[in-house]
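Going by the order they are written in, the chains are A, B, C, D and E; count residues from 1 in each one.
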Amino acid sequence: MDSALIPEGVKRCSLGRFSVWILALTAILLWGVIAMLLCWFKGLNQTNMNDAYGFALWIWADLAVIALGGGAFFTGFLKYIVGKDELKNIINYAVIIGVICYTSALLLLAIDVGQPLRSWFIFWHANVHSMLTEVAFCLSCYLVVLIIEFLPLLFENPKLDKKPFLRHLSHNMHEIMAVFAATGAFLSFFHQGSLGGVAGVLFGRPFAFREGVFIWPWTFFLFTWSAAACGPCFTILITRLTEKVTNKKLVKDNVVDLLAKISGWMLGTYIIAKIFDTWYWAAYTLPKQGFSLIDFYSNNPFYGIWILVAEIVICGIIPAAILISSGGRKNKRLFMTAIILAVIGVCINRWVMVLQTMAAPVMTFEGWFMYYPSWQEVATTILPVAYGAIFISFAYRYLPIFPQERELNPID
Amino acid sequence: MSETQKVSASDNKRKNTGGTTILFFLIGVAISLAVGWVIFPKLLYLKKSQPIDFSHAVHNEAVGDCDSCHFFREDGTFSGSPTLAQCIDCHEDVQGDTEAEQIFVEEYIAQNKEVPWLIYSKQPDCVFFSHAAHVKKAEMSCESCHGEIGTSETLPIYEENRITGYSRNIWGKNIAGIKKHTWDRMKMDDCGECHEEETGDKGSCFQCHK
Amino acid sequence: MFPFCFEWVWDMSHIVFMGGLWYALGIVGAGLTYCIIKAARESSDNHNDGHH
Amino acid sequence: MSKGSKHKVKKFGMVIDLDKCTGCGACMVACMSENNVPFKENESKKLDSITWMRVYKLENGKSFPEADICFLPRPCMHCEGDRGHAPCVSVCPAIATDYDHNTGIVSQIYTRCFGCRYCMAACPYHARYFNWRDPVWPEGMEKFLNPNVSPRMRGVVEKCSFCHHRYQLALDKAYAEGRDKIEEDEYQTACAHACPANAITFGDLNNKKHSVYRLKKNPNTFRLLERLGTNPKVYYHSSREWVRRAGDNYLKHEAAKA
Amino acid sequence: MKIDRRNFLSLGAGATAGLAFSPLPWKLMDDSSIWTQNWPWAPVPTDGEASYVDTVCSLCSGGCGITIRKIGDRVVKAEKKDSDNANSGICILGLSSPQLLYSPSRIKTPLKKVEDKWVKISVKQAVAEIAEKLKGLRKDKLSHTLACISGSSAGTVPALFERFLTAYGSPNFITVPSVKDIYKLVFSLTCGASCIPAFDIANSDFVVSFGTGLLDGWGNPAAAFKAHSILKDNKKQLIQIEPRLSNTAAKADKWLPIIPGTEGVLALGMANVIIGKQLYFNKNVLFDSVTEGFEEFKALVEKDYSLEAVSNITGIKQEDITALAEDFMKAQSPVALFGRGEGSTPGSLHEMMAVNFLNALAGNFNKTGGVYLLSEPDYINWTHPVLDDAAYYNINAKRLDGAGEGKYFLAKHLLNRLPEVVNSSKTSPINFLFVTDSNPFYTMADTKLVEEAFKKIPFIVSFSSYMDETASMADIILPNHFFLERYQDIVTTCGLKPAVGLSKPVVNPIFNTIHSGDAIISIAKALGGTIAESFPWDNYETCLQETLEAKKDVMDKELFWIDESGVSNAFADSSGKFEFINDKTRQTKPYIFVDAQGEKKKYPLTLIRFDSMRIASGYTANSPFMTKTVADTVIKENDIFIEINPKTAAEYNLAERSKALLTTPKGKAQVRVHLYEGIMPGIISMPSGLGHTGYDSYLTGKGININELIGQIEDPASGFDAAWGIRAVLARV
């Protein structure tokens, strides 16, 4: 029925099967939408956030999806600026994932703020000294860029492609895509960095605070770098997942291998910088404020030194080592482990920077603050996942995302 | 419908595309501009009449100045609109021959009911406005903010923003927010403008907010 | 965000921050406008070409 | 600092004598009553209970009978940070909170705040509170609301203002009387005024004539988390060493600030 | 021209572009945010002229001078009155008065219970119905079965009630007892005069408090706090002796934990040290000439209160006792305080006497920094009520509580005996009960017993302003004005120089309530005859005006009238000396200290109550603001916490916050535990003032009323309730 919309030369499942799949995802989406509406109409008392946890699950999810969505800017940067042309075979997907991640982030922020109808104050009455202002500006601008990067792909839909205007527009945009990609990379460097600054500038929170060069440019650098390292890993992970679901090979191994190799090097360098940062923080910054490292990893039921080990060693050094070595990349199982670990690693990092910062006591007479999200928070956090799956499903079905698909899966 | 028919039909359309497209575009623009500039303000504001008419001019002549009725209390706060207790001083009985006064005496004074005046310059609850700082310390005139209400013969229609509940005088009568006089608009930007001119900066938040 | 906003101050932070922002937005806007205008012209040219 | 102000700037602050504070909670209620702080049926969830002024109970950690406790009232510290860069002020994306260089008071504008709660994450004192719900006053009780402080709507952050409206009212009175300056006792916060033990002293830390100027110089005076560089304007006084030590973080073998 | 989809799109695009150049989207965006700034459901306080009215707070017996801030006709805030007057101050409760004034649990109109449901009635109707009932009772010659429980005995309103009972023909006017009753007894027994003590804490240089909650609500809290702060300023000593590290103990220079109930033993032990070391000579006091019974006392303490024995009993080290006694006597102006906690339970007479001997040994009576012995303000000089025969006959009937006779000869009122007296008779000896200015069903120990008694009483009239526990048991409620709505004279005698304060109406009554003074006058008038004759006043205000006469002008201006003449009253009669032991005290079998009820074997722990400034435990209950200040280690959701030493908790396998079943000989309750190093092992403590069943949703059902768990113990010397705790056992749930 929808064959006119399906790109030429590729095979898609039946509309019926597709509908069932979409319906199942929509059910999850609806659950999230209900939770979202509850938060909007009844207020944030629907969450388990409290005065000690002004930032919680949502802010973590925001930071995490923005880091994971970093695949878009970095792949774009590599393809258009650095000139790694093979990456054209995965850039479309990276952009789509980026669009999903960034729209999700904005949606979560819209639920997270107490007065969504006033949230435009952040632009109009901007405080240029606030990290969050920088984040908001760059985030929304970059989302515009992402959409611009996505539009040509959208116009390649067989039906839309028939309109001459759109066809030309798509063509023209392709032509100057390097300009957009460069702007996108510029904006991304800023907001990814500022997100690092969000926690790093909190000089009232010794767990998050970094001093001197370790706040600027170090923390900014760490966040940008980790997003650039792990974002492509996420793109690879989702690509592999899509291949698994569609039971097709969609991107050639050499493309993935190139991206993974670069990620590995990025991750490796990032982790060295991170270790240096942690060391300086533990050895010099903390003692000046009267703390020792172990203060932040003891006396509470959850945050032990394990989380530091997990973040830096298990989800940092190990995947970096695997991805850097060509042997590691060749071994399918090892490769996927590394990709998953890297994705988890950046999520742990964002979790720690947000939630552990809130959890650790600063005043000597307060204890650790523990928190678990309410179902409304969980549902609204899963909402983007369902939304993303639906988005990808439609995009995959109707848009020629993977240039190598036809070649890899010839229709007899 | 066959494929060929479809193509030719669209071909036909394309012929007069340029002209009609632009025409429709302009019609769209015109409709929107009319809605936005003319109809929207009419819908946005609810017109309300004051409970009774009042002539500032007559009163001003009788009592001499503004602060006979709008005075400072002993603690430095400003009394705002007069309460019934103040009016009774003169209006125990009907003084003149206006209908408004008769209504005032019969329906309010006699029944000891406060007049629910609609305050044109009412600022929202979050605003702390010190009349003392402006009138006493900075020696500003009432007109700089309240305009020529003091010499008016009759009370203008009060327009209430249906969404915000604000008096229209806050945004200003001009829907585009353009002002000619200092008193034409009373948004924060207008406060800031004068503060910047007079004191060198717009001031801190708490200077005007509570 | 704009120089006429209440909070605007002509200081280094505002000039750098907002300058960067408007610069980026300008590039994106100009690029997009260029593409649209070019596409519009091309599509009408195309149409003429097809007619001939 | 504002260009136009020729007069000497003020720096309002507090000195709280922990030897005198009995933990009675009068300051908390005075504050709530003065500032239209909402209340609800269950206020035992303390992380969801708005108390601009909160009295903490400190324990010395020793066993019976060496155990000791001390009460510590914690208003907003109105941190000066480095030249006005309080932890919360610089992070607010919409300038809903600012540092007034003429008074040293950190404001919070509820109608500007859109509830991102970044300031709460920034404040190490937990002095900032979020309105997780619409405040509700049972029928009739809205009558005691103070018109000098605007009630908050849900979804915004609020905190102690050093009863700034009392300063405004004092200034109004002074202006109306043709004065420019106010006396020490003309502007007192609700908590300082209410404290039955006179444990809270409030005034201009820059003014030699004000009691706080003298009291803050006592060697047994300390501030909370000074080492973080928050530069708070609330000073505490205690003759007990363990209490002074509890005011900041120290490494195990480090001596507390003298 | 055909309109097709393309034209439509074009129109839409044009409209969109046009809109962007019209004010509509921008103004709507601005207005929608302004809408969120002024949500119609968020209240906007109405502004108006501010005014300040001074009055006297009567929410507790402290009687502070306070200032009420009003905006228009609304009460907005209660504040400390700026004045040097010692009576000017405010505490957390006084600060709550605006909330209490507008509280949803205020009774808004007179109510009558019909088939267990409240029906609104008019004041007139209520008065008529009460009068009708009382007439019937009198006809049946049962006028003595009318009783009245009053929160206080001082001032014109209690006096009007007492006068009503007299005129009506009943001796059963009973006041709610407190430590003040014991203070009076201690001094009338040893100083031979009817006087009340004023402890000059601020000027003392060594204060030893035997469990007195100086900073936990005792006396006039605001004045006590001020005095304490002066002590601190002057670097003077405060020693607190009690088993729990209370707020007072925490502020003290030294906290001496003591086994509860043995405070009197410690005092006598200290006396023994003082006498043995002849430390009293330092004070130039020659005991044989200025005191009586000293030798006998000396013999007694030497015999029974050796250091070793006292140390064993009290759990305090011998050297600590000696040091304390020595320091006490070395001080220039030492003073010993007594009366547990906030003083809402009278306590053991002998314990108080024992402590007061220390004051005697220090010779600090009527000296700066010591104990002033003052007379009570005496300004109500009404003519005797007119009694008809019926009244005359019944007024001399035996008091139901037995006070003033036999073994209760020392006491004037014994409210604590009432439940037992009612419960032990087949039919209630009280047919009609007035309850005014008190909430006995809540505040009396042994709730079950009290409930049984109240249920047995056929007709109860409550004059409460609030739907409290007692009011909800009443048959008719004639709600009193709140103190901010009424005139009343407030007599303050707690630890300060006695003063009479004038509570003045700050606002017009906001509900259909009636001043209790007016209510009782109206009832008297409705009864007619001699009863009406005994109330010659038109209304309460004229009564007050006449009673206070010239003083009223002073009070209108100054709020207070302080009787400066009272100082010389002590030692006026009898021997004119301090009497350690005399005939009267010999009759009361000296020095039996009250132990806790319950078998030690079955109930190995001891439950004590603690008073907190943040929880009002008397007639006035907590405001929502006050409850908000209560820590989550005291109340969490509706669960109450008991404090327990971690060592003891470990024995019971209890961790912080674990639930436990607390059982005492009087009842059971589910509690949570809070581990507290500041409490003696083996002792558990629970706050008083919680567990209300009346009032509003801000208070009802929070925690447990400790009175449900604690029984009464009749003080063998005085007959007052002297229970300070009860034995208990905990079981993990």
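Methods note: a contact is a pair of C-beta atoms (placed from the backbone, for glycine too) under 8 Å apart; a residue touches a chain by one contact, two chains touch by 3 or more.
Quick caveat: nothing in here was measured; it's all calculated off a predicted structure.
Under the contact definition, chain A and chain B share the contacting chains C, D, E.
Of the two interfaces, D-E and B-C, the higher number of touching C-beta pairs belongs to D-E.
When chain centres are set by their Cα atoms, the one at the greatest distance from chain C is E.
Chain D has the Cα centre that lies closest to the mean of all protein Cα atoms in view. Of all the chains, the one whose CA centre sits at the greatest distance from that of chain B is E.
Each chain gets a centre from the mean of its Cα atoms; for chain B and chain D, those two points are 37 Å apart. Centre-to-centre spacing of chain A and chain D amounts to 39 Å, using the average Cα coordinate of each chain. Averaged C-alpha coordinates put the centre of chain A at 62 Å from the centre of chain E. Taking each chain's centre as the mean of its C-alpha atoms, chain C lies 75 Å from chain E. Looking at chain B, residues 75, 77, 124-126 sit in touch with two or more other chains.
Counting partner chains per residue, chain D has residues 45, 49, 57, 59, 95-96, 110-112, 134, 150-151, 153, 155 touching two or more of them. Multi-chain contact residues, meaning those touching two or more other chains, occur in chain A at positions 115, 118, 121, 125-127, 129. By the definition given earlier, chain contacts exist for A-C, A-D, A-E, B-C, B-D, B-E, D-E. Residues of chain B that touch chain C in their complex: 14, 18, 188-189, 192, 202. Here chain C touches chain B in the complex through residues 4, 6, 44, 47, going by the rule given at the top.
Residues 45, 47-49, 56-59, 72, 81, 87-88, 90-96, 112-126, 128-134, 153-157, 224-225, 227-230, 245-252, 254 of chain D touch chain A in their complex.
Across the interface of their complex, chain D is touched by residues 72, 74-77, 124-126, 128, 130, 132-133, 136-137, 198-201, 203-207, 209-210 of chain B. By the touch rule above, chain C contacts chain A in their complex via residues 1, 5-7, 13-14, 17-18, 20-21, 24-25, 27-28, 31-32, 34-36, 38-40, 42-43, 46-47.
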